[in-house]
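In what follows, a single structure is set out as structure tokens and then discussed.
As written, the chain order gives the labels A, B and C, with residue 1 at the start of each chain.
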């Protein structure tokens, strides 16, 4: 039987037990002396390290400086993906011949995991910002394109007929009818796209970067400082969540404005 | 992507034609007109040559099929373990509020961490071998399986549960006849995401450090500045990924013939 | 002279290797500034006829022309009022009405003048900045009508425009449309399955039968209307009380009733 909600107090208690149990096991394992504290720090060690990284530079910069570096790359790649993906998606939805030409090429490329572009990025851009941006683009682009295309293709026929009846040019039809109609789908795609883009960034920074959170983790790994690595993981997780929350707010505000 | 109500042969023909067109353009831009310098992008013939080299003679500690096998095997193992645990946990969390409440905190902690972010930690703890790869794949594939299986249970209609209760279905049968079939579509969505995550993560992990595997080819070719081999690596990654995704879809079609997808 | 001419129009569909004749041998001329209503049972092809005049569909045989030009595609010279309104939900009332004018290249001052005129005329004053979802069905259709009229089109095509409205609103809209049509006469092709509506609004009624869709009979309403001076009655219910109205309505009903049976092969 699908269980009804537990009383709030019980849920809170179980949550506490779950969290507490996890932290307890972790701490005991760390303190047991099986390994060094560098190798397996206690949760508290990680918190302390995180705070340290905020103030003291490691691998060249403080934590926030690294985060800023990462975010800048992410933003560039993401904005690029959106700037190319949305118009292309609209064009493909409106002009069948564009669809026929682009689709096969796109279908072929999208199965290459973004991370597999790293060697190419290294070849073309060295360690410049171009490398990570390319990889982020490769991660963020497909969802934007697909969602724009689908949203535009699924526009109710009556709007297209109304637009044609009203003499809309191709440009006006795409920008004033397809695009607004596809906005809910596009925004949903943006959320997925941002998530994939942020993930791809991490991968890129593990290999072709000299700053950023991924780079921080690599340096931490080289120094066998698990606390540093975990701090990096935490920072990445938090920023990823914040980006998603921001986009979800955007999605909700658009939905209310449209009266959906 | 366009819905092809046209004859499937015509669609295939157009796709092949487009592919040939791209190949021709590629050849022209690199070999004939020299618009793209060979340092930046290899010519089609060079890629063919690299392909032949790795398939026949071998490159970076092995022949192509050995690399492919290494990667595919690792992914499959990791995927099976991770999704097995993930689906079970997800179903349990969906079915029992107690389990859900207990596991939630740990899960919420793990969830925002991108799969690739586990790589440095795995390397610190387990080195550069198979174990580290498995660890990374596990955390990458585990999360989507849990989330989707959980969602799958939660979206089962109330009437199904009430019917089950009325018919006195309990215990193991309850799981087999009610929970799992009802959640199956979502479970498969989760499996698909898990497989993609597994594959991506493995290639990334191999890129960072490995002895063999497709990611390793990419890594070696990158260090050797061998663009043609990089392309061979990328195409291999794409093909394998595509094949596995379709393999999973085929399985899904056999397991759920009632699903109109 | 903006007339609509259907000449030997035929529409054949092919499905699973079989030919399905939707329309056969449709011949009709809608004169300049004439209000013609097409009535018929569901599926008789009346909407298809309108859509062919609009350029949204094409005949497989014969031709449809507006003003002696064969119709090849949709355009603002043949404005359409759709049953489902088809207002752009992401645009305000004003922007919706303005959309076609921009395509026509009308300058801003003229656009403003025309839009304000029709907003006033259709009783939409105060709603210019509202979004369609904030308006009732009747209001939305008023916007759609304003949007069509503002284009100063050669012909106006209306596809069961009041079909999606509740009975009371429908009556109000019919009265308004009559007022509008008398004030600004246009060539109108009006599709409906509601006989009363057709008799009330039209100069001529085209009765169609289905399977295959053809014209059964064309009835002249205008002569009766002017003779009996229906227009003296402001309210629709008074018009519908007139014996001449009732008689005409019955006549059309009888035609519709028998048309199905008589034309069944």
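Here is the rule we use: a contact is a pair of C-beta atoms (placed from the backbone, for glycine too) under 8 Å apart; a residue touches a chain by one contact, two chains touch by 3 or more.
Since this is a predicted model, take the numbers as computed values, not measurements.
Setting chain B aside while every other chain stays in place, the touching chains still form one piece.
Measuring from the average of all protein CA coordinates, the nearest chain centre is that of A.
Ranked by distance of CA centroids from chain A, the top chain is C.
Separation between the centroids of chain A and chain C, computed from CA atoms only, is 51 Å. In terms of their C-alpha centroids, the spacing between chain B and chain C amounts to 56 Å.
Per-chain CA centroids place chain A at a distance of 18 Å from chain B. Those residues of chain A whose C-beta lies close enough to touch chain B in the complex are 1-6, 10-11, 14-15, 17-19, 21-22, 39, 92, 96, 99-101, 103-109, 111-120, 122-124, 146, 149, 198-199, 202-203, 206-207, 214, 217-218, 220-221, 224, 226, 229-230, 232-233, 236-238, 240-241. Chain contact summary for the complex, chain A toward chain C: residues 158-159, 161-169, 172, 176-177, 180-181, 183, 258-259.
On chain C, the positions that touch chain A within their shared complex are 54, 56, 73-76, 78-80, 82, 84, 86-91, 99-100, 102-104, 131, 133-134, 147, 151. Within the complex formed with chain A, the residues of chain B that make contact are 1-2, 14-15, 18-19, 22, 39-40, 95-98, 101-106, 109, 112-121, 123-125, 153-154, 156, 158, 161, 164-165, 199-200, 203-204, 207-208, 215, 218-219, 221-222, 225, 227, 230, 233-235, 237-239, 241-242, 245.
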